[in-house]
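Next come the structures, one after another.
One chain, chain A, links the two complexes that follow: it is found with chain B in the first and with chain C in the second.
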Partner chain A sequence: MIHFVLLISRQGKIRLTKWYSPYSQKERSKVIRELSGVILSRGPKLCNFVEWRGHKVVYKRYASLYFCMCIDQDDNELEVLEIIHHFVEILDRYFGSVCELDLIFNFHKAYFILDEILIAGELQESSKKTVARLIAAQDSLVETAKEEASSISNIISQATK
Partner chain B sequence: MNPFSSGTRLRDMIRAIRACKTAAEERAVVRKECAAIRAAVSENDQDYRHRNLAKLMFIHMLGYPTHFGQMECLKLIASSGFPEKRIGYLGLMLLLDERQEVLMLVTNSLKQDLNHSNQYIVGLALCALGNICSAEMARDLAPEVERLLQSRDQNIRKKAALCSIRIIRKVPDLAENFMGPATALLKEKHHGVLITGIQLCHELCKASSEALDYIRKYTEGLVRVLKDVMSSPYAPEYDIAGITDPFLQIRLLKLLRVLGHGDPDSSDSMNDILAQVAAKTESNKNAGNAILYECVATIMGIEATTGLRVLAINILGRFLSNRDNNIRYVALNMLMKAVSVDTQAVQRHRTTILECVKDSDASIRKRALELVFLLVNENNVKPLTKELIEYLEVSDPEFKGDLTDKICSIVEKFSPDKLWFTDQMLKVLSEAGNYVKDEVWHALIVVISNAPELHGYTVRSLYRVIQSSGEQETLVRVAVWCIGEYGDLLVNGTGILEGEEPMTVTESDAIDVVESALKSHTADVTTRAMSLIALLKLSSRFPHCSQRIREIVIQQKGNLILELQQRSIEFNSIIQKHENIKSALVERMPVLDEATYTVKRAGSAQPGAPLEKTSKSTGPATGLNLPNGVVKSAPADLIDLLDLSSDDVPAPASTGDFLNDLLGGGLTTNPSVSGADQAPTSGTDILMDLLSIGTTPQNNHSMPNVMSTTLDNLPSVSPLDSLSLTSPPALSTQTSEVPPATFPKDTSGPTKSLSGLAPVVDLLDGLSSTMPAQSPTYPSIVAFQSNNLKIMFSFSKLPEKPQVTQIEATFTNLSPNVYTDFIFKAAVPKFIQLHLDPASSNVLPAGGNGSIRQTLTVTNSQLGQKALAMRIRLDYIVNNQAVQEQGQINNFPSGL
Partner chain C sequence: MALSGMRGLSVFISDVRNCQNKEQERLRVDKELGNIRTRFKNEKGLTPYEKKKYVWKMLYIYMLGYDVDFGHMEAVSLISAPKYPEKQVGYIVTSCLLNENHDFLRLVINTVRNDIIGRNETFQCLALTMVGNIGGREFAESLAPDVQKLLISSSCRPLVRKKAALCLLRLYRKNPDVVNVDGWSDRMSQLLDERDLGVLTSVMSLLVALVSNNHDAYWSCLPKCVKILERLARNHDVPQEYTYYGIPSPWLQVKTMRALQYFPTVEDPNTRRSLFEVLQRILMGTDVVKNVNKNNASHAVLFEALALVMHLDAEKEMMSQCVALLGKFIAVREPNIRYLGLENMTRMLMVTDVQDIIKRHQAQIITSLKDPDISIRRRALDLLYGMCDVTNAKDIVEELLQYLSTADFAMREELALKAAILAEKFAPDLSWYVDVILQLIDKAGDFVSDDIWYRVVQFVTNNEDLQPYAAVKAREYLDKPALHETMVKVSAYILGEYSHLLSRRPGCGPKDIFNILHEKLPTVSSTTVAILLSTYAKILMHTQPPDPELQQQIWATFVKYESFIDMEIQQRAVEYFALSKKGAALIDILAEMPKFPERQSSLLRKAEDPEIDTAEQSALKLRAQQQQQQQPSNALVVTDQRPVNGAIHASSLSLVKVPSMSSNTEVNLGEHQKLSEANDTLSKVDGQSSPPADLLGDIFGQLAIEGPAASSVSAEPTSGPGGASPRAADALALAPLAEQSNTVQPIGNVSERFHSLCFKDSGVLYEDSNIQIGLKADWRGHHGRIVLFLGNKNTSPLVSVQALILPPAHLKMELSLVPETIPPRAQVQCPLEVVNLRPSRDVAVLDFSYKFGTTVVNVKLRLPAVLNKFLLPVTMTAEEFFPQWRSLAGPPLKLQEVIRGVKPLSLPEMANLFNSFQLSVAPGLDPNPNNLVASTTFFSESTRAMVCLVRIETDPSDRTQLRMTVASGDATLTFEMKEFIKDHLVTIPTAPPAPLPAASQVQPAVSPTALTDPGALLVGLL
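And then the complex of A and B:
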């Protein structure tokens, strides 16, 4: 099971955190501090796994971002690397060659996508296309709602003129 | 309008925060923004609620407190529109966790949304429930989720399946409700649903054995699914690096592992497909390797045929020689598990594994080292240790600690003989002495002391290596100790082993070594204190150099560290004034009892490997059980004092003996001394005493107690009192070899005129005269007994203090589990005073194999009117669970 997902920038800034196991706020910031110290200082040619407090953290760097997932001792590390890549490809497809800034300004979208890939720390969907389709459908729901709202407010504002 | 009011857009806020140059600026922006959001919250502003929550989430990610936004999430979730709900649920998952009570308030909204007609809203609710639900929510909403498992929409089915996993994790009792719907999912065609269904089944198997048996029936079907996926034609939607849906394949393999584990029939039915996966999967991409890795794990986990296992180990061998660090890491990881299945097969890859210990990657090194540790046996210990020690010379400083640790335990566990053991340990000490743990070099000294034929060789080797590696603290300590003990062998070259290079060392060379250890800037108090002892010993071994030694010792008399100063002054006076008893005082240490030490070490919760091999040769030299009052012939028996603390012998040494022995055993015979018969045992490490490490705090238990018991017994011997009262603190930190308390300080008034041994004789006379007949005895009682624990109390009284009772409590563990962090607490009525001494240990070995002892001193101010009574409480940890037991003791013998 995946216990948490972290996106850390090379400067150590947090871009996304998702906790599937209960960690209190205090523990969360401690975990982030500890792990960003360990992971950011590792050299480029080393393996992508760090043993940490009885768990393993699998990380992979994409441009300036480190994608980290914490898993149990006997989970498949290589597969988690694939899951990270799966996530990145979907982000890439959604934003169109994703960059760190996309994830900063549209952090909520990144979360929505992650929620379509993982629930309860387990994999939900192995098809990138399906995820993209589901996100697009929900985005369009939001768009329609917005349009409706603005048109109603237009009506009201015009009516009260 | 204020640009940071709630009117700003999310994008603008993020820009403003990113534009901040300092942390203080950022804090200011966030503070303003939070203030605006709070204002909007209190105004119950509806229009911008979702925007405010989005902002809060960003602020939350930056690490600022955002608890005031929690209720906003609930409000958004309760609103009707999809955009509001979407943000609301996201906020809920981000800002709250399952331990917050607010979460309970959302249960009702969740229930409504789970029954919503819009599939996306149901999806949101399922996602939130799956990510953060608590046990209560799981119970409340399980029926809804169960129903959704059969929903028409496949996206809802897959979300409901994962949500069920969370529910089962929180409430395993609910597992059986999900068995039927879960297995129905295994027949799905849609990969997403299939994957989640398989995961749900996996979770069910872990949660209940009933479910495991139920799902086993589907083994055939799962094997068929795996076969279909493997041989399916190119499917762009699921293709990764030419492999169709590796995620699905991995999950299938994982579930098969659980089903086949311990079940030959189902293992049989999956042998074929596993062989196919192992043989056909491409291993040039990560996805393929991930499948192979999972496949190997499954083969190792089930009752596979031997041929299949060989295939699996071969895959790992191939992994091991891969250039990719990740692959090598997982190979090492899996080989660790394979060791228990097939050691021989893993042994074949030993050389490659040993290479991995030297890898530049810390994760790989660590794994490889653990694996090597598992692979060591009697046959390969020598070459492996040689390799590891060679590597120790060049390894990174941060890795040396781990490596040293492992080498030491390998050497201890498998050493074929003592010579080899000593040699290897000396190598380790000289390479990485600063990383060696205390108990390791303590054990080394025990071994050295137990090998009389190697004394000469060891001390000479130490002399040799210390010339080049004088900066390794523990090496210096061992060397100094050995030179002190066996300095004569160093100089006259006795017991030369075959092949040993002869070497000439003069007496002053030997003293030089100790002197430089004493004066080295890096030496700590322990090393210096040990050096002083060694010098004292050498002064007797090398009488010609006595004067020089005295000069070195006297230089420390102004030392700022009290311990060293005191030793210096005392040793000086021994060297100067007590020539006649000095040789007896500094006699070579008797052989340290390895068995006792091993037990102590094992008992002190140190997982270090016991000295199995060497403990066999424990000599009969340890005279533990000498009865009271017998004058021993060997003056070195003063060491018996230390055995007061040995667990298995009911403290045989009496105070009289103690003093007798200290003085060389030549004086009077004492009648038995009652007060000291229950000389308090304590957790003092024998070896600590032997090594004369006065600075260790533990040391302070046994000695002063013995001494103060004696003092209590001697109210009449006033000059002695005044004399000894100045010394108990000294004694408490002092080494046992040198009895400072028995030597008057020149300044202590009443005894000034007495010289030499006179006061000491007085002391003994006083002792023998003040030791009257036995005090009344009381029967021991079983104070407390439960299923897990038994406590025995034995009593003794000092005749002149009838109100005071010494109780020795002995705790015995009756259960098969070890108790750790064992704490005994007691409470008594007001008319009783209670004093608890430290317990001998806080770890209670299982099954009655040893006990903890603790001395209680009870003063009953209403003796004769009221009887003793006591309430007790015991806290300990067993199997990681804290346990508490309580009881009341009313069965004290009368007259206490």
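And then the complex of A and C:
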């Protein structure tokens, strides 16, 4: 299973964290500190796997962002590497050629999307189309709720004028 | 886009981004946190929108790495909001901020459950996602049935069902009992007929977890998995959106093959044939292409197929095809493939017959040891370590040594350890072994642990032929200019013992040796000084006739250190000085060290211990390999097979018949009488230094067969191979005593080992000079799994190995097959499944025997499957505790007893003791500070999970007495728990056995008196 997902910028800033195994706050910070050190210092032509504390971390760099997922020793590394790419492709489609800034200002969107791809540290949906459809449906639910709210407040303000 | 409505959040994020330095950022964040805190304080004024915004800000701040220790409640409370936008934020932020152990989560279990069972599909999705991501045990217990319903419901849409499948997976991981195997296995099989590939992917993940724990129940799923794999591999009926770079869902393919690896074999010939067709197609049809993602995906499938082929033990032809593929991979340029090639080749080593083919790639693997990527270097090191045997040890170890001087620090210690082990295990001759270790110390002294040089000293001491050679080598190294201190230590030790063997050589006279060692003295640490002083004394002793000048020099040194600050050195200096004045007597006192007893290399133990070794995987692999390969090893042959203290003993003993033995053959003796005889024997035995467990075993075996207990023995479902039945125990019991006892004595105190294992889950259960029985246990609810590790410490096999479990009536135990022979220096793992049927303090016994040479060793060992292993501490608040306490009124559900003769413990000590039993002490719950209350949950099949409450009232003026009250919903549990606690309060576990109880007075006790208490053993059977 995937124990956690980290998005780390080249400067070591955290852009997203998602923990599927119970780590305490202290452990989380420690993990982030250690792994940023290990991964950011790796050269460009090395393999995408790092062995770390009895686990493996599969990572891939996209422009200025490192996507990292921590898995068990015996898990299939390449499969997870392509889960990362699958996630990136969906982000790309949603934001329209995604960049780090999109993820900074819309970090909550990234969480919504990740929740449609992974649950319990396992892949939930491998169809990009399905994920896109579900996210669009969520967005429209939020929009409708907002419109309703504003129309109600309009009615109220009109009535109390 | 979506942020149009969240201006406040965007502004805050840009502010943080515009901060020039960390300090400014902190100020900005602190300001925001202060703002949020005040806004949350008067919550009434907050609109849902504002609440949402602040909660997002909190998450952002949290992500930046700042502590956010408030506002969790606000995030959690959003879950109960009626509208989707707020609820969504509540669920997502909660599952990011909190982990499963957080108390706040309990508050929303009901809300979450209502969302799950409610009609609103979007709410269902949110709730399932959160529970799937952070649900803990409590969620598992209260939500699993609802989640199961959703998963199999025909009216739910795929988007809900796939989430339900993974949510159930999470709950199952937290508590496997929530999935009732009997009903669920058919459901699982039906679920695999699912057409929607999203749902199927999630279901397959669930299946992997289920079969990994219990493949037997899910046999019916096997053919379906093969069908799914066929469908995907042939790209038959796979919608376009589920192909990834032209490959039909690579993830589902991988998962399906993973599930198949948990079934021991595929029996049905048709299924097997179709499976192998698919695998063959994958092996042959995967090409390297330009597109990285396509390549990765197809190779993910390929590597999983390789693993499955290995697991299924395919025909040799297919295996060699796999090795050929791996051989190709380890030479490619693409680093990922190279890494995986090495990793899988290491796994392949476990398959017999292919080692020779793998050896052909040795040169290529050695090249990878110099790869720029540390991940790849680690894999290469592991593989070299695994593939090393007598034929290639020299090459491989020399490569490792060469690499050591350039290796990065992160790897040096592991490298040094591995080189030392290989040199020891596979040394073609001993002088080479000495060379290797000395080189190791020379090149990487800082990374050579003391164990390594102790080991070389042991070898040299035990092998006379080796001593002159080692001395010469040690002398040579001393000429080197910059010497590592470890080298000084080992050289000084060896030269002290054996330099007299060289005295005719030039430069090796006592004076020369002294002078060159003496040069090092000023620069070394005090532990080394101590060794040097001993060496001086030895040199002095060996110099016959005495050389007055040398004598003066050494005496002067001793005198100088007589007032040294370190006590140990001071003492040595004084004593050596005094001794050396004695002349001839010195020769006896400082004679050569005797041979060391044969023992397991502490290095190997170190490498095997996953807690110590950083690369856990390699340790695991190592263990697996040792079982599989049983390569011929030279290592311990070296340490002289002459038994150190056993054989002579044994032969003389075999002439003596212990009188009590005859009683065993007289079946018609009354039970009482027999036991009292047994007691006699025992008390005699107790007088001796070693407790011969076998004696006891005999008595025990005999009674076991006569008594009513026989039923419980035969009820035991599987026993060891080849007649490890009650009959066999009988036969053993009647075998002449001399054959089976006293020659082999346990190392360490068997009883103490048992007691310490009662409070931890891994450790050594038994050890003697031939075998070590380790144990690892895992307890979940009323289920337990104990793995016994039987390790042969010798260079010859242990034969007629038999293990028989004698379970008490309340435990259902199933031991997997124990091989009859344990090969030299191999370790065998035997899993043992335990189910607790009802509360009891009786103890299960492992009747273990083996033959080493002509000696039969039989021991009866108590297994730590004791009452407290089936407890799970629960913390309770006063509101939870007292209603329950009051509702359980009076006997038999609530029992009270005044206990005297308690070993005096302070309250904190007692609380610690209770916590170590898994009884969770609730401080301050009882208004009286001299009292203590604790609560726990007990698991068994008859009681299920049942809360058990305990109250201790102490008397501060007399700590040897107290009043204990125990309450639970089950009378037996209450009684057993009370007695269990009493046993631990009254007796001190290491105390000598109490007077042995008469046979009639059966006192079912987890008595801490171990093997010397036949009562305890008997009870295990009754």
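In this text, the second predicted complex is superposed on the first by the 161 of 161 C-alpha atoms of A that agree within 3 Å, B and C clash if a C-alpha of one lies under 4 Å from a C-alpha of the other, contacts with A are read in each partner's own complex, and residues count from 1 in each chain.
Basically, contacts are C-beta pairs under 8 Å (C-beta built on N, C-alpha and C of every residue); 3 or more make two chains touch, one makes a residue touch a chain.
The structure presented is a predicted model; accordingly, all values stated were derived computationally and were not measured.
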item	value
Which of chain B and chain C A:54 touches, first, second, both or neither	second
Which of chain B and chain C A:126 touches, first, second, both or neither	both
Which superposed partner A:90 touches (first chain B, second chain C, both, neither)	neither
Which of chain B and chain C A:109 touches, first, second, both or neither	second
Which of chain B and chain C A:145 touches, first, second, both or neither	both
Partner chain in contact with A:2 - chain B first, chain C second, else both or neither	neither
Touching partner for A:17 - first (chain B), second (chain C), both, neither	both
Chain B and chain C footprints on chain A, overlapping residues	14-20, 22-24, 29, 43, 45-51, 74, 76-79, 81-83, 86, 104-105, 107-108, 111-112, 115, 119-120, 122-130, 134, 137-138, 141-142, 145-146
In the complex with chain A, residue positions of chain B that touch it	11, 14, 18, 54, 57-58, 61-63, 81-83, 86-87, 90, 93-94, 97-99, 120, 123, 126-127, 130-131, 155, 158-159, 162-163, 165-166, 169, 191-192, 195-196, 199, 237-238, 240, 245-248, 250-251, 254, 286-287, 289-290, 293-294, 297, 325-330, 333, 360-364, 366
Contacting residues of chain A [partner chain C, same complex]	13-20, 22-25, 29, 32, 42-43, 45-51, 53-54, 73-74, 76-79, 81-83, 85-86, 104-109, 111-112, 115, 119-120, 122-130, 134, 137-139, 141-142, 145-146
Residue ranges of chain C touching chain A (in the complex, touch as defined)	1-3, 5, 10, 13, 17, 56, 59-60, 63-65, 67, 83-85, 88-89, 92, 96, 99-101, 122, 128-129, 132-134, 136, 159, 162-163, 166-167, 169-170, 173, 197-198, 201-202, 205, 239, 241-242, 244, 249-252, 254, 258, 293, 296-297, 299-300, 303-304, 335-336, 338-340, 372-373, 375-376, 378, 610, 614-617
Chain B-touching residues of chain A, taken from the complex the two chains share	14-20, 22-24, 29, 43, 45-51, 74, 76-79, 81-83, 86, 104-105, 107-108, 111-112, 115, 119-120, 122-130, 134, 137-138, 141-142, 145-146
